[in-house]
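Shared between the two complexes below is chain A, which has chain B as its partner in the first and chain C in the second.
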Partner chain A sequence: MVGLSAGERQFIYGGIAQDLRSDGRQRLQFRPISVQTGVIPQANGSARATMGATDVIASIKAELGKPAPLRPDKGKVSIFIDCSPTAAPVFEGRGGEELSAELSVGLQRCLLGGKSGAGAGIDLSSLIVVEGKVCWDLYIDGLVISSDGNLLDALAAAIKAALSNTGIPKVSVSVGASGEDQPEVDVSDEEFMQFDTSGVPVVVTLTKVGRHYIVDATLEEESQMSSAVSVSVNRHGRVCGLIKRGGTGLDPSVVLDMVSVAKHASETLIAVLDSEIASAEAIDDDDAI
Partner chain B sequence: MATGTLGTYSPSQSLERRHQQQKRTDFQEVDWARSDGRNFHQCRPAFLRTGAASSASGSAYAEFGSTKVIVSVFGPRESKKAMLYSDVGRLNCHVTYTTFSTPIRGQGFEHKEYSSMLHKALEGAIMLETFPKTTVDIFALVLESGGGDLPVIISCASLAIADAGIMMYDLVSAVSLSCFGKNMVIDPTSEEEACQDGSLMITYMPSRNEVTQFTLTGEWPTARINEAMELCLDACSKLADILRSCLKDNASELTA
Partner chain C sequence: MRELHVSLNQTQKVRLQAAFQHLSDIGSQASSGLLVSVSDTIPVNNEDGILKGHGTSEHDGQVVATLCGVVERVNKLVYVRALRARYKPEVGDIIVGRVIEIAPKRWKLEINFSQDAVLMLQSMNLPDGIQRRRTVVDELNMRTIFEENDVICAEVRGFQHDGSLHLQARSQKYGKLERGQLLRVPAYLVKRRKQHFHDLEQYGVDLILGCNGFIWVGEHVVPADNEMVEDQESTLKDKEQSYTPLEIRQNICRIANSVRLISALGFAISVDAIIDTAEASKSSNIDIKDMLGAEFYVQTAEREVQKRISLLKKKRG
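Up next is the complex of A and B:
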């Protein structure tokens, strides 16, 4: 992205102050979102989400593993984001590492809830096969193909869609396994268990430019931000995670105000996303028949 | 606990013991005693010293209960030649855990994101315009991880930066809070952190009334976020006073 001139910066600031952004949107309006599911046949679940020119892919692979000793009744989920150099040349080699780490941690915070597992978007207890011995390890991998701002929201949307597309194979445990040994498990190729994604939250990032907040910022608008707050809200309107990004300080009352604005904006996002995922799944089913 | 084949002490024994201890303490009860005798809204006593590493421009050592952190600040130093000219200073933060800081060796690698979080927390407080073209390096070393590591690292780092004489808008203090069902517990230890339902961390500049970092995990209704924020901001202001008094004591020691 070429640097912005002083005139362009002024244009962005002024537009946001007047509730008319450079692409004609209002401050709290999202770009058109489109979702395609089942884009990666080798993964257990996958989805591609585009928000304007931002393009991300999420893929989910499930492998059998051993649960953590302190949490024998829960499966494991690990989220890893990779920023591809196709999005920006600066991401080549180790350049994108910092951004990838920030996005991975942000999504883990939003989707996995507290350490005890309470408030998690993904129900980890549903991933258990044999308590204490065998569980499903979910590897959620996100790939940023094209970046035009608002990566966290797009990745969260893609992950939500990928989870609804995920089929975990049914596992039958052989009876009569002795206490200490690993039980024999038979992974079926035919039957699949769908994930319940009604609890998965969406992420809404509010970017503060000047004195106003905008939702779904483009790369240009993000370069002018003073700070941003990403709030993860679930279907019931409860906050599941919050990260403040950007270096500039914010008044505590401003932070709380941003939380309530984000909750309000998340309602439209959840509705749009749900309908997009449903239609994407429907197209998938039509193709399969 | 089967120790048949193991003749010598092994850390996994203490892991088992802690696991059993966790099962016994039911954090969902309304009233439970914290392991170090504090009440829910009481922070750990803070021990702070500046001048811990004599070869650094500024340094500080902090001990909050069993969390021990040492931070050294080097700079402002010449930026590497590969970096482009910039008319504001650059900040380079690095947080490392010693291998013996956690109960299980090498567990500190799970916290790779602390370096960038430290950077973001301090960015808003340091006057970067006062040292253009140069870099300030901040190295934090966690000697023992006893819970609430990142807040201690941030508070200790702002003390070290002040000790180095780098101009700041205000000292940054940080506090974290854990949520267990209906209870909110401030400044959790590592056992409490491991079973928490949700957590909240705030870094705050009291004189400017600005929040530089805010992270929240777990499910929270908005009213509880308000309540938790007030608790934390109050604790941050008190911590900032303690940081200030530590700097003053150090200064008076030098002049005396």
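Up next is the complex of A and C:
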């Protein structure tokens, strides 16, 4: 990542203080978002999201598995992010591992809730086939192709779009299986069940630069941040997850203020994202026909 | 370099296709050389007397291109000149670079070239302006002149025997650039002209088109003579007061967005094109951030078509 001179840093600070950033946006405006769905035909669901120059792909694969013994009525979801070396030369080999781990954990916090599965953005009980024996395991994989800041928001948007594109095959359970054995399940190739994504939250990252917060920071703006708070908000305005990054401490009142600002910004983001996903799905349907 | 991603709807895609089609038609009328791509045969008259230059090779007794570009002939030499080449420096080029290292008696700058350029301490004016021999104390105080990550404007002085570039920044107009933003565009879009420093008075903005593809857009600074660099322990309030005024900042952002737009469309970057785009966006009351949107993207392409058609008519008639 390129460093910035003192003069350029001053310019960025001044811009954020005066509500006019380097590309003309205001503090709480997002870059243009575009979404394409169905980019990976072999996966159950996939989507590609771009926010300005940040480009990410999310893919979802569903496999049959056994639910955890402590939670027999819930399916399993695992999220894993990978930073491709095409995004930055530093991601070659093991260089991108730290960032990938941070993003994976962050998304798990935001979308999956706590360890017991409570408060999850994704409804895990809809993944159950036979309670206690057979459930769907969702493997959500994200790939960062081009990085220009705000990776968490872009990945969450891509995952939301991929989930709405996901088709889980219909399963018919053969009757007459005994209590202990694994029941016979027949996975249909034809019929698919669409995933319900109305409850999936979006992530809004607020980056604090100087005394002001900005939404959707570019790479240069992120290099100047003192701290960042990522809030995942769902359609009803409920906070589903909260992460704070960055070394500088924040006063609790500032954190609460940032959460409310993020809630406000998420309304526009959810509206734009929904319309983008709808138009992407429409194009998909047109192509399929 | 970060590419501009524009998502176009169906009508916009059609309009853009039509505009690019027009441009290539106009271009093919005007071009003189033969465009070749890899493995195209180059027509040569006298096979024996031909010298095969860069970008060509012999295959089955025929001269075949190994690059995509224009065929150039100079007497008996035939070579292919690539259009999208890396930055090729020449003596006297004005370039903008970023300091990445401070070495004994020199600064190393990154300039989008295969090697780092070198700015010697002797090739730089001292802060007190006196012409004297550089002493050891000067060498220890190099950091007070330029630090790491500083953006500098300089001129190419010459090449060393190992191919590295030497720069000089002895004039008042060269030196550290502050209070603005640096943009990176492909180097082949910036053509060599007489003037690379542009002081846009109506905007209060300084525009420096570096030949290496680094473009600086910043607030207009008056080149001061003999300014002593003081130690500034400025407080937050001082810093706030010294921020660029909003009016000038808006102009800087507008011009920066015009540069981003023109480079995304692949048009040559010149002051006239930048000012035209900025003026067009102002007159159509387009918001600064909407300049990077799909609609203005297509409109700019169409406007370029109109401009080239009128230019062609003037040439003929």
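We adopt the following convention: the second predicted complex is superposed on the first by the 287 of 289 C-alpha atoms of A that agree within 3 Å, B and C clash if a C-alpha of one lies under 4 Å from a C-alpha of the other, contacts with A are read in each partner's own complex, and residues count from 1 in each chain.
Everything below uses one rule, namely that a contact is a pair of C-beta atoms (placed from the backbone, for glycine too) under 8 Å apart; a residue touches a chain by one contact, two chains touch by 3 or more.
Not measured: the values here are computed from a predicted model.
*Asks:* Have a look at where A:A17 lands relative to chain B and chain C in the superposition and call it first, second, both or neither.
*Replies:* Second partner only, chain C.
*Asks:* Between chain B (first) and chain C (second), which, if any, makes contact with A:G249: first, second, both or neither?
*Replies:* So A:G249 only meets chain B here.
*Asks:* Looking at A:G52 after the superposition, I want to know if it touches chain B, chain C, both of them or none. Which is it: first, second, both, neither?
*Replies:* second
*Asks:* Counting only touches as set out at the top, which of chain B and chain C does A:R94 meet: first, second, both, neither?
*Replies:* neither
*Asks:* For A:V239 in the superposed arrangement: first (chain B), second (chain C), both or neither?
*Replies:* In the superposition, A:V239 touches chain B alone.
*Asks:* Taking the complex as given, what residues does chain C use to touch chain A?
*Replies:* Chain C residues touching chain A: 2-7, 98, 147-151, 176-182, 218, 239-240, 242-244, 246, 249-250, 253-254, 256-257, 260, 287-289, 291-294.
*Asks:* State the interface residues of chain A toward chain C in the complex, per the touch definition above.
*Replies:* Chain A reaches chain C through residues 2-8, 10-11, 13-15, 17-18, 20-26, 29, 32, 34, 50, 52-53, 55, 146, 148.
*Asks:* So in the complex, the part of chain A that touches chain B is made up of which residues?
*Replies:* The contact residues of chain A facing chain B are 69-70, 98, 101-102, 105, 109, 112-116, 118-119, 229, 234, 238-252, 255-256, 259-260, 263.
*Asks:* Help me check something: in the complex, which residues belonging to chain B touch chain A?
*Replies:* 15, 19, 22, 27, 112-113, 116, 120, 123-125, 179, 193-199, 204-205, 208-222, 225-226, 229, 233
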